Every structure is written in structure tokens, then in C-alpha cells.
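Both of the next two complexes hold chain A, though its partner changes from chain B to chain C.
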Partner chain A sequence: MHLIKLIFRNALRHKLRTGLTVVGLVVAILSFGLLQTVVDAWYAGAEGAAPNRLITRNAVSLMVPLPLHYRDKIRSVDGVKAVAAANWFAGVYQDPKNFFPQFAVGPAYFSIYPEYRIPDAQYRAFVRDRAGAIVGRKLAQTYGFRVGDVVPLKGTIFPGTWTFVVRGIYDGADAGTDTSQFFFHWDYLNETAKTRMPTLANKIGIFVVQIADADRAAEVSEEIDALFKNSPAETLTETEKAFQIGFVKQTEAILIAVRIVSFLVIFIILAVMANTMAMTARERRGEYATLKALGFGGGFLATLIFGESLLIAAIGAVIGVVFTFPVADWFASEMGTLFPVFEVSRETVVLQAACALAVGATAALFPARRAIRVRIVDGLRAIG
Partner chain B sequence: MVIPFRYSLRNLRARRLTTILTSGGMALVVFVFAAVQMLDTGLRQTLVATGQPDNILVTRRAAGTEISSAVDRVQAAIVEAQPEIATGPDARRILSKEAVVLITLPKRDSGVATNVTTRGIGPAGLALRPQVRIVEGRMFEFGTSQIIVGQSIARRFNGAGVGQQLRFGGREWTVVGVFAASGSAFDSEVWGDADQLMQAFRRQNYSSVVARLTEAGALDALAQRLDNDPRLTLDVKREREFYEEQSKLMSNFISYLGLTLSVIFSIGAMIGAMITMYAAVANRVGEIGTLRALGFRRAAVLWAFLFESIALGAVGGVVGVALASLMQFVQISTLNWQSFSELAFSFTLTPRIVISSFAFALVMGVIGGFLPAVRAARLNIIDAIRAI
Partner chain C sequence: MQPVVEIHDLAKSYRRGGQIVPVLSDIDLVIASGDFVGLMGPSGSGKSTLLNLIAGIDKPDSGTLRVAGVDITTLTESDLADWRAQNVGFIFQFYNLMPVLTAFENVELPLLLTSLSTGERRHHVTTALEMVGLGDRMEHYPSELSGGQQQRVAIARAIITDPTILVADEPTGDLDRVSAEEILTLMERMNDELGKTIIMVTHDPHAAERAHSIKRLDKGVLQDGEH
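Right, the complex of A and B next:
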């Protein structure tokens, strides 16, 4: 009991210094948490992938399309429940800065993605309107889209200005669902392409394949690819997760940089914290000697120093973690649709706490060793 | 009367551990600050070096990238006939009709499937890019399935060495040469015959047309004529501008993220400096009193402590910039979001970055040391002398 009291008193002796150290810790823990969340957000697409969905694309690259008639061939493969076409549209809404994903999708698409929850009436209205579109909740909030709004998009792959009418807004089944996307009818795209740019007609970017049994994913993928072996457009089929991770992998260099930087901030704060503890211990050498002269052992002194360091680190960690949530929310709303999913995960919080405690413990290491080794005579002689 | 600098410097030396820890924290911040700018500069230099000032690049209107662009043969022929396009010694136009396709290749070390830009060029394609030269093997022959690869590709991808074969578009392509493109984006490309590539990928259209102007100023007249031609739906840009735009998204991302991080991290480092300097003042109250009693003015004390803090920042700055300069040996390759293809670039250190990073370190020192220095200057002489 006395020990705890002593630790608290010691920590509060230099209120300014302790306060500053805590502020530094809060800033570091907070930015560490945000950076980890940014990295998580990158992987969000892969996390949201369902095991019973496969993506079939052209083996050359994603940019080379597949012919439309592949759809029926894929559907005939044993174990395939449904197939939907999807084309990346890459339209520009007002300004190239306003980026959000747009897909022209075939009829079965929304039954393959049950996590996109659309009210029945809105979905029926979408089906009836050839130029209809369904947008995600987050996208709707970012640009103020409401049901009935007309949205013009300037095509980059499919030239011209295209106008769509928002017929429905979908919500995600859980927080990990991407609700920043824009969907419209593939038929509308294709009919228009036929008249305006025949070379782009009847071409499919990717097929989303729903399979009956997730355990047979590898087998079904191979069967699909075997169908088109040695044809002009060979296919590559992989699980949705592998497909998404393929994207992330290509920007991995940036991810690694962000990871490294997020640990650098921990080192920066470690330097600050270690400095605080070193100064504190140097100033108290006389006291430590006195305590030793009174019969307290080195273990007691070490407990004092470790306790104080860990206490300060813990206070910083708690405040930092608590602040992470509102700051992450603010950051997500500022970034708009750039990060479709931006959630502080439990691992992030655990990692934040672990880093803070590691910093606290490491910072106390040298001062504690010094305090244990100090000879009573030298210590009493020291004047700080 | 001024307190000699040596007084401040010796104080730093007297408490070595504290000095090292405080400057170390600052050095890390300066490192991040400098490294991010180096990355941004490297990216931009790579893409700017890709464009030649008197070259133009013609794409479909609003396409933005070569991948999503299409120029049909009739349109390409119309562009070729324009009087502003320069003529070479062989009496042909210096113009290359190009087909750009993205292919997926596995990286050598990690096996990660990566998008690689494959460019089919016309006979003038090499002459239009004086920065490109063959460093190994030879140029490919037109009309064959031969290709040459950029040196970043040769280094990082399987089957991309001279004499090896790459399979894409239903054919085996023989690599007959490796080219160096002096740090431009072409280093991350594969080049072949445009007509062969178009056959392999069953394409009817070119992706873009690259041409040399007779003089750099001829662009406006050309652009206006092409704009008014009802047969064309094309955009004409200087090659350099085109590639600058390609770097915008990534460059903005890097610089915003970097600036935000540097500012946040610097708060941590400045707090570190502040703690150190407050402690330095608190430990030396008696000393400060003595100095004042000897006749040194408040301003002199303020400067002595401020200088000590600036010196801390300077040490951090030197170490940080030195660490960052080591990053020049690191090359980074990533997906460029705008062109959707692999791009390799390196950290580039410029004198401007050195100066701005060092200035950043000094500013951290000033801000961190200012309040403690003010406290030192405002101490009462009598109280200060008594306090031991």
C-alpha cells in the first residue's frame, strides 16, 4: 500500500514533466493506432470476402476483357450456383478527385452479395429502370445522393457522359462491408456500347461466381480455367479473398513503409520516456542512497522506478486509446470514400497497450540498474 | 555581454545520455520528414523524366491513361499527316503508334502477380525516347515475337533475362535485350512491335500516338486543329505533362501522409526537448543566479538556453539527414494507382530536402526550448542564488 502511494507521489512530483511525457505518449499511441487502422483499411476488401465466391478474369491481366458467352459456360460447371458479370466503369463524378468504385453488374449480382442490404421496393425500382443505380450508404452520405437523384458520370474507358438515376441505397450487413460502391445495369452499359463503340460491346471485366460448397473452391476454379485452356482468352479463377489480396500485394511497398513508420513513432516516444526516467532517477540518487541506508533493498528501488514508469505509460496509453476512436471517426469522414471501411480493430487496441507498456518497461531499465548499483556513500554525496 | 556558446555546448556534453535520447527522438522525426520528401521527389522525377519536352502524346479524349485509351487507325493516320509533326532523316514522320497492354507477371522474389505495362512501339519509338538505350543484348526486330525489357523488369521478374521467354497473349515472346531508361517509368516496361502485340491481343485500335513536334511551340496550333476536326475525339498533351499527371494521385498521397505524420511526430520530439530543457533549467537554478549576479542580462541567459536547445535540434537534424541519405540505396516498386501498373522509383535526396529537413530540426529545437529558456531568464537573482 505504501509502495503504491510512493509511486503515485513520485510520479506527481514534477507535474509539468509528467504532464508533458503523458501528452507525448498520447500523441504517439494515438498516431500508432491510426496508422495501424490505415493498414487494416487496406486489407478490408480481403477481410470482407466470402469463401463461397470466386472471381474469374482474363489470365493476361484484369484490363483485358472476357467474351460474354463465357457466362453460360461457367454456369454449366458442376458446383457453380450463380454467375454474375461485372465491369469496372471508371467514371469521373464532377472531378477526378471524387473517386469511388463503379461497376456495371449483371442481374444475379445482388443475390451473390447478400451482405448488400437493399429494401425490396428500392430493388424492384432499380430492376425496372434501365438507367437505374444502387449506391452504398457511405457513398450516398459523402456526396448527398438520395433516391431519385440523377448522377452524371464522365466515362474514361467508355467515352461520353452517362446519366444514372439513384434507385436504391444499400446498407452493409456489418461494419466491415464496403458501402462506398456504385452499381448499375450491365445491360445498359452494353446496349449503349453496341451503338457508340462496338469494339467494347459484349465484353466482361470479371465474372463473380457463387459456388455451392466453399470447400470445393480450388476444384471448381481449376475446372473453370480448364474450360478455356488454349482459347484466345484464357481465364484465371481464384477465390475472392485471393483476388483482393492480389491488389493489396501490389501496393505492399507503401504498406510496409506505413508499418515501419508506425513503429518509428514508438521509438521516438521511447526516447522521450527514457529521457524522463533517466533524469528523474539522476535527480533522486541521494534519495535512493538514503532508502538503501535505511535498509531497503535494490528490488524495492527497482519496483519504485518500474512502477512510476509503467504508471505514466499506462496513463498515456489509456488516454491515447480512448482518443483513437473519435479521431478515427473524424478521419474516416474526412477521407470520404477513399477508405471504404475504417474501423479500429481490437488487435490495434491490444497492440497500442502492449507498445505503451513495453515503452514504460524499457524506459525504466537503465535508471533501475543504476539505482540498484549505486553505492550508498556515492549516492549520499550526489547533489543532483 | 553574451554567454559563450561553449557554456551551452558543454552542458550538453555533461549530460550525455539525456542529450543522446532527446536528439535521437528528433533524429527519427527528421528521418521520417526527409524520407517522405525523398520518396515524393523520386516518384515525380521518375515520371517527369519519362516525358520529353518536345514530344506529344495523343490519347482518346478524357481517357487519362494509355490503358483506357483507344486511337483507331484512321485517326492515327490523320495525326500523322499534321504539318507540326517533325520529319526524320529517312523522310518519315518521327511518330510512333503504340499499343499499351497490361500483363500479369510473377515477381521473382515473392511470386506476387504484378501488373506490368507492355508497350508495342512503331519504328520511330526508340528515336522518340533518347533517354532509352540498350544495355544488354540488342533491339528487337519488327515483325517478330521478340521483345526488350526495362532493367527494373529484368531484375525483378522471372523469365525476363536476355534469351529467356515470357508467355502472354497466347504466344512465347523471346527477350532479346535489356534497356536502361535513365530512371524513367520506361524502366518498368516491356517493349515489342506494336503490330505483333495487337495481333496477339486481337486489338483493332492503338492506345496512343507519340510524336515529335517540329518545334516545342507548335503544340497550340496542332491541338486547336485536332480539337476542331469532327473526325477525331482525341486529346493532345505534351508527353511531360501527361506523365506529371500520372504521378499526381500517388504524389499527393505520399506528401499529405508524410506531412501529417511529420507534424504529429514532431510534437512528440518537441515535448522531449521541452522536458530536457526544463530539467536543465531546474538543475541549474543556482548557476543561473550566479551568471546573473556576474552581470549577464536576462536576454543573455535566454539565448544561452535557447542555443542549447537549438544545438539539440541540430544534432538531431544531422543524424536524421544522414540516416535518410542512406535510403538513397533503396529502390521501391509499387502499383501506380493512376496507370494501374508497376512503377519502380528510388528515394532521391536533393539539396532542398537537406536544407528543409535541417531547418525543420532547428525549428523543433526553438519551439521545444523557448518556454524553458524564458523561465530561466525570468528567475529572480536572489532566489536563484539561494536555491541549492
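Right, the complex of A and C next:
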């Protein structure tokens, strides 16, 4: 009881110093959490990938399309349940800064992605309308899209102004589902391409392949690629997760930098905290000597110092973690659809708490060691 | 009277800048139980060092040092800490109270090392604080007390575990004349009424007059001389 009382009262002894240290910790823990969430958001596509989905693309590059007739051949491979074509559209909505992913998708696409939850009536309306589109909830909220709205997109790969009608809004099955995308009929794209830009007709960016058994992913991938071996357009088939990580890898240097900065922030606050605890312990040298003279051992002194340091760190951690959520929400809204999924994960919160406790414990290490080792007569000399 | 402190051929030196500086040498001293001894001498004569050795917060280079029947030179740091908690009450010049604890909590502090219950501790602390005349200041923090009152709290803390000896290093050195007299009177009471053996280091001849006997140190050597 006395010990806890002493720890609390000691922590609040220099209110300004403790307050400033806590503020520093809050900023560090908050920044760390935010940066970790940015890294997580980068990997969100890979995290949301299903093990029973494969992506088949041109082996040369994603920029080189595949012929449409590959679809039927892929479908014939043993273990393949469904195949859907998908083309990256890259249209501009009003202004180039309004970026969001747009895909022309084949009929089987939404059955392969059951995590996109579309009301039945809306899906039927989408199927009936050649120029219909389905948009994600986050995208709809960002630009105020509602069912029935007309959305014009200026094509960059497929020139001209394309007009779509929003026929449905999908929700994610969970918080990790990307709801920032815009889908429309691949047939609409292809038919228009046939008349306006015949060289782009009957060309597919990727095939999304649903397989019956996720354990056979490697085997089925090999079989698909074997079908097109030595053809003018050889394929590369990989799991959806590997495909998404391939994208992330292209920007890995940025991710590494973000991670380094996040841990640098923790290191800086560690230095600040260690300085605070060192000053504190130096000022209380006489008190520690008095306690030792009265018969208290090194364990008691160490508990006092570690307790105080961990208490300050815990206060900073709790406030920092609590603030991370609204700040992450604000950051996500400011970023628009740049980060389709921007959620502070449980792992991030655990990591924040662990970092704070590690800072608290490390900062107390040397002051505690010094307090334990101080000779009573030397410590008592410091008083007066 | 039984001797409570027995010192024979004690020596102590410090290392300062690569040189060994002798502080105490050839100290032979016996202090009887219930005695009130004043240790006097000029600055640097070694009186505080001798007090620290008797109190078990410093170790001699050589010689024997038995206090309360124990040769404390043979004890480990941990055993010495336990021994101090049971046998020594400290009264410091600057009181050395914990500023974040109330008078009650400061006095209670040494009892945390005992197996007494909360209720027993409360009873002991209340009695001790009333004995030093601070029954109405129990919830006050040191900063809310005068120097004399803080030293009374320190005396209550020193006697709370019923130690064998009380060691006081310049107990009136930071006090005005009136407060100093009050503290010395209180120490006399502790000696007379509770039978506590007191060893007091002081520069002040007025304070030394309260002691039953005076030991004088000069250049680390104990001189003859009685009060």
C-alpha cells in the first residue's frame, strides 16, 4: 500500500516534468500507432486475399494484356471453379486527384468475391443495366454517390468520357474488406472498345480464378501456366495474396522507411524518458540513502524507480492509444480512398503498449542500478 | 550496565584522488546500555565517520566493532540492513523525511519492514507521535511543519521500532535555539524514560552538555575527556 502510494506521489512530485514527459509519450505512442497503421494499410490488400483465389496475368508484365479466349481454357483446368476477367480502367472522376480503383469485371466476379455484400435487388439492377456500376460504401461516402447517380469517368487507357449509373453499393463482410472500389461490366468496356479502339478489344488485364481446394493452389497454378507455355502470351499464375504482396514489394523501400521512423520515434522518447528518470533518481539520492539506512533493500528502491517509470509510461500509453483511434479516423478521411482499409489493429495497440512498457522499463534500468549501488554515507552527504 | 557498543583497535581510511587518507585510527570505545554519549571534535576529526560505523552504514578497514551484541563487520549488506532496521534509530541533521509522505506515514515507514498489522502499526505510530508532541500534526506533510517539528517526526521515526541505540548526527544543527532546546529535551526524555542508548555527534557545546559523557576526537584519534 505504502509502496503504491509512494510511487504515485513520487510520479506527481514534479507535475510539469511528469506532464511534459507524458505529453512526449502520448505523441510518440500516437505517432507509432499511426505509422504502423499506415504500414498495415499498405498490406491490407494482401491481408484481405482469399486462399482459394488465384490471379493469372501475362508473364511479361501486368501492363501486357491476355487474350479473352484464355478464359475458357483456364476454366477447363481441373480444380477451377470459376473464372472472371478484370481490367484496370484508370478513369478520372472530375479531377485527377480524385483517385479510386475502377475495374471492368466479368459476370462471375462477384460470386468469386463473396465478401462484397450487395443487396439482391441492387445486384439484379446492375446485371440488367449495361452501363451499371457497383461502388463500395467508403467510395460512396467519400464522393456522395447514391444509387441512381450518374458517374462520368474520363478514360486514360480507354479514351473518351464514359458514363455509368450507380446501381448498387456494396458493404464489406468485415472491417478489412476494401470498399473503395468501383466496378462495372467488362462487356460494356469491350463492346465500346470494339467500335472506338479495336486494338484494345477482347483483351484482359487479369483473370481471377476461384479454385475448389485452396491446398491445391500451387498445383492448379502450374497447370494453368502450362496451358500457355510457349504461346505468344505466356501466363503467370499466383495466389491472390502473392499477387497483392507483389504490388506492395514495389513500394517496399517506403514501407521500410516508415517502419524505421516509427521505431525512431520510440527511441527518441526512450531517451527523453531515461533523462527524466535519471534526473529524478539523482535528485532523490539522499532519500534512497535514507531508506537504505532505515533497512530497506535494493529491491524496494528498484521497485520504487521502476514503478514510477512504468506508471508514467502507462499513462502516456493509455492516452496515446485512446487518441490513436480518432486521429486514425481523421487521417483516413483526409487520405480519401488512398488507403482503402485504414483500421488500427489489435496488434498495433498491443505493440504500442509493449513499446511504452519497454520504454518505461529501460528508462528505469540505470537509475535503479545506481540507486541500489549508492553507498549510504555518500547518499546522505547529498542532503543539506 | 551491559556494554552496547564495544570497539577495539578500529581504523578507517578513505581513498581520495589515489591517496589513502586515514580518518580513524586505534579507536577503542565502550558505550554502556542506556548511556547518552556526545561525540565532539573539530570538522574532519572523524566523529561522523565513527557514528556511521557504529550505525552500520559504513564499514571499517580493521578492528572489531560489536554493537548490540553483534560483530557487525562480519555481516553481509543484506544482513546489515536487517540489523539496522531492528537495532538502530537514525536522527539526521536535515531530518531526512520523505517529502511525499505525511508525518504519520514517515513514522510508519520503518514498521513496514516488520510483521505488524495495519492496526498495530497505527497504534504504535500514534503513540510515538503523541510522545513527541505531534499528535495533532499526523496528516501534515514535512513542508507544512517547522524545522523543530520535522525533527520531532524524525525522532518518532527513530524510536518507532524500539531500537537498541539512537544515533544522532548534529540533530540540532539546522534548528534555532528554542527548537534545538526542545529537541535536546526530547532526546533526554528518550534516554531517561525509554532507556535508549544515544550517541550524538555535535559541534554545539550546549547540546553536548545534555550528554552523560563526551568523547572527543581529534585527527581521527579518540582523546580522553569526560563531561
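What to note about this one:
Quick note on the criterion: the second predicted complex is superposed on the first by the 382 of 384 C-alpha atoms of A that agree within 3 Å, B and C clash if a C-alpha of one lies under 4 Å from a C-alpha of the other, contacts with A are read in each partner's own complex, and residues count from 1 in each chain.
As a convention for this text, a contact is a pair of C-beta atoms (placed from the backbone, for glycine too) under 8 Å apart; a residue touches a chain by one contact, two chains touch by 3 or more.
Being a predicted model, the structure only gives us computed values, none of them experimental.
With both structures placed on the common chain, the touch criterion links A:Gly297 to chain C but leaves chain B unconnected.
In the superposed model, A:Gly246 lies in contact with chain B only, and not with chain C.
Judged by the touch definition given at the top, the superposed model places A:Val377 against chain C, while chain B stays out of reach. Residue contacts after overlaying the shared chain place A:Asn190 against neither chain B nor chain C. Touch counts on chain A: comparing chain C and chain B, the chain ahead is B.
Using the contact criterion defined above for the overlaid structures, shared-chain residue A:Asn52 touches neither chain B nor chain C, since it reaches no partner. In the superposition on chain A, A:Lys5 contacts chain C only, with no contact to chain B.
When both complexes are aligned on chain A by C-alpha atoms, chain A residues 383-384 touch chain B in the first and chain C in the second. Within the complex, the chain C residues that touch chain A are 52, 55, 57-58, 78, 81-82, 84-86, 90, 92-94, 96, 98-101, 105, 108-110, 112-113, 157.
Of all the residues in chain A, the ones that touch chain B in their complex are 16-17, 20-21, 23-24, 27-28, 31, 35, 59-64, 90, 92, 96, 154-157, 159, 199, 232, 234, 236, 246-247, 249-254, 257-258, 261, 264-265, 267-269, 271-272, 274-276, 278-279, 282-283, 366, 383-384.
Across the complex, chain B meets chain A through its residues 15, 17-18, 21-22, 24-25, 28-29, 31-32, 39, 60-65, 67-68, 70, 101-104, 110, 112-115, 168-170, 201-202, 204-205, 233, 257, 261, 264-265, 267-269, 271-272, 274-276, 278-279, 283, 332-335, 337, 340, 342, 388. Chain A contributes residues 2, 5-6, 9-10, 13, 286-287, 290-297, 375-377, 380, 383-384 to its touches with chain C in the complex.
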